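Chain naming follows the written order as A, B and C, and within any one chain the residues start at number 1.
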Amino acid sequence: MQTILSIAIDALAYGMVLFVISIGLSVTMGLMRVVNLAHGAFAMIGGYIASYAARDLGLAYGFAVIIAVVGTILIAIPIERLLYRRIYGAPELTQVLMTIGITFCVIGIANYVFGPTLKTIPVPAELQQSVSLGFRTIAAHRLFAIACGLAVALGLWFLIERTAFGVKLRATVDNAAMAAALGVKTKIVYAASFAVAVGLAAFGGVVGAELLPVEPYYALRYMVTFLVVVSVGGAGSIPGALAACLLLGGIDTTGRYLMPEFGEFFFYLAVIAIVCLFPRGLAGRAK
Amino acid sequence: MSAVFEVRNLKRSFGGLAVTNDVSISMAPGDRVALIGPNGAGKTTFVNLVTGNLKPSAGQVLLGGEDVTGLNSTQRVRRGLVRSFQVTRLFPEMTPEEHVALAILQREGRSGRMFGSHRAMADVGEETAAILSTLGLSSLADNRVREIAYGQQRLLELALALALKPKVLLLDEPAAGVPQSDTGLIEKALADLPADLAVLMIEHDMDLVFRFARRVIVLAAGEIIFDGLPSDATRDTRVRQAYLGSYADARSLA
Amino acid sequence: MTVPTSKDSASSATSDRRVRLRPDVIGVLVIAAAAIAGYLLFPNNLALLTRITAIALLVLSLDLVTGYCGVATLGHAALFGAGAYGAGIVAVHFGMTDPFAMLGFGIIAGALAGLVSGVVVLRAHGLPQLVLSIAIVHLAHEVANKASGWTGGSDGLAGITPDAVFGLYQFDLWGRTAYVFGIVLLILVFVVLRQIVRSPFGMLCRGIRQDPLRVQALGASVNGTLVKMYVISGAVAGAGGALNAISTQVVGLDSLSFTLSAEALVMLVLGGTGSLYGALIGTLTFMWFEDVVSAANPFHWLTIVGALLIAVVLFAPKGLYGTIAAWFAGRKRRSA
């Protein structure tokens, strides 16, 4: 029983980190129909900036998080302008090639600038202590990660369901041409969503750095994981993405606990099984 | 004559709404039937039920007396039920010659051959040339399809259907989108279809329907409301009502 | 219905065939000439040239499903790795060290891997399809890593000692035998694939890439055809893997990696999809480039690959071969 609860709490923390990072990918894929393999690269950039700000400049953790999010968005804007705009509506293979090219470049540059070693992001003392949950103690930063995941989910839900921007976003996801005809400035919706997506990726990269350590191959290592979340959850669906993150987090964590020698074998097996059973995702809509 | 194509009590509902309701049609070889009906009558659903792209809630589709209701669309094509598309579906990077040759090879079960180009198969070449010339496409045989005019693409759709040697041909608005100057070509091609072929044409253009069809079936709200001679269709009160609605009532009252 | 073939059309068909065979003959001669030039110019680098040949088989194999059928995959190394481990395992564990037997088993293993990945990958479309292909190569990697008794795990499968070819030509230290073996294999595969892509089956595959619904309306099975192509593709990739196992005498986990899958796709796109020449030119250019750049500055290799990819997408979406071919076609049209 204790093991099950332990697995559950770790799976929850892992799943929430996955959610924070991949939800932006899910929304932009649902919105712009771009197969974006470079999403993890933005999470990684966020992690590097936060690490530099907190460790090398000695800034407070909260500041580091904000600088990471803003900095990553600033880096992403020219990339979106110059590169992504060329591939909206392009064939899938073109999108794959462009975004994998961006990923490779980011990895190479990160490797050159920061070196191949792991980068830590020092967390404040409050998050370093352990919290007793009765059946076990847990590092406070995991609880923090879970809280961040919940906050992001709630915040996004509010943004999409309760604000004017959300109405425009949903209309554009449903039918971009119709939304444009009704006077929605879809270009602005796209740009804003892209910025939010990248910002969330960076936020997740920082908050989840204890679980997904920041190093140059981060963008490639977790590329599949993020894509899987979107394709299992169904592009553009927040509940789908949340369900997929918890499910995949559960499978991955359980595998690591019970059969660590099998590595990620069961994770990928589960991915294949789930995608084969739900080729359109758990919450996917027919196209 | 025995029926080559039959639909018995076909039904399909989407969440309680019957879009096709108890439709029965029987066609003999050589029939020229037009299926018409106002927008939303359920023509598209009916086509999809017949081709096998949709599963019916109840009823049967028979081809040459054989029940094909359980078969998927490709199996139905192989048994002689061929369709054309309302919006052309062709291979933009391939030539008309390749299109027709591919259809012939597919019909003969030779499309899986991995050695030897179709150009080395003399019989395929001759039949391809014959079909293209029937439809007046010979001069375009080696152009890429994306480079030829839309009217000629529609003719190529017909050529593909002919190359498959169907028993039943389902034409989904064969003249849709064709410029006025080219509709004559399509009509001529339709007039030249093999005499023993059963043709079911879905069409909006009433001039074309009257010139082509010897029998008209009118579908309204998922049900057949008329099945008979074209000349009787326009006089039928239910047909007038379906198309003209209350306006017709007002006129008949007046 | 077949019309009895008249003498006239029969002879025109043969002459037609002769005209169409000419590019194949030229293709074979060009490959052979390039191979001989490589042998004479880089006698100390035959191992690299053999590696290029093996990877060229992988890229050709990828071209069959991506270029000709339009299936985007980032997991094609699974087929290459299956061939490499297939050939290596029969040699190390079953003592079958004849190079042709190893090649045969590599081809079979690759074809089986192609069958399995084809059936799985074709279950979905779009992003889920891509995810499936990536998951397959990762899964294969994990399996090979775990089954270390058979595969040597992360240390690699060593101790592969192929016999002499025909009992006469030992695999020598300089890699001459392996190089000739590889080039002959490449030429044979090239000739067979030229036949396949021009055959009715190849035409059907091109049709599927352009409009699968139309192919269905012709009465052909889309997934059946694609799975067949996947098996052929697997056999070709397996041959490449086996060649790599025979020539390097070791099989490592990197032959089943995502990186190799992605690099193969980069090479294909660099050369130009949907053309066997494109696949060959792409492989040669990329591998040569990699050798030069990584010798000069290994740190920047990945950055350069990324930049190269972006540049190809932006400026030469048809790839090197496609762009050159289009340029020549344009010139011909203008001068005509």
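Everything below uses one rule, namely that a residue touches a chain if its C-beta (ideal position, glycine included) is under 8 Å from a C-beta of that chain, and two chains touch if they have at least 3 such contacts.
These figures come from a predicted structure and were not determined experimentally.
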Task: Chain closest to the assembly centre - both centres taken as Cα means - done: C
TODO: Considering only mean CA positions as chain centres, point out the chain farthest from chain B.
DONE: A
Task: Chain centre separation in whole Å, for chain C relative to chain A (CA means) - done: 34
Task: Distance between chain centroids, defined by C-alpha means - chain B, chain C (Å) - done: 42
Open item on the list: Based only on mean CA positions, could you tell me how far chain A sits from chain B in angstrom?
Closed with: 49
- [ ] Indicate the residues of chain C shared as contacts by at least two other chains.
- [x] none
- [ ] Sort out for me which residues of chain C touch chain A in the complex.
- [x] 66, 72, 74, 120, 123-128, 130-132, 134-136, 138-139, 142-143, 145-146, 258-259, 262, 265-266, 269, 273, 299-310, 312-314, 317
Open item on the list: Which residues of chain C touch chain B once you look at their complex with the stated criterion?
Closed with: 1-3, 5-6, 9-10, 13-14, 16-17, 20, 195-196, 198-204, 206-207, 210-211, 213-214, 216-221, 225, 228, 232
Task: For the chain B and chain C complex, residues of the former touching the latter - done: 73-74, 77-78, 82-83, 85, 89-94, 98, 101-103, 105-107, 110-123, 125-127, 160, 164-165
Task: chain C-facing residues of chain A, complex - done: 29, 35, 83, 86-87, 92-94, 96-98, 100-109, 111-112, 220, 223-224, 227-228, 230-231, 235, 261-265, 268-269, 271-272, 275-276, 279-281
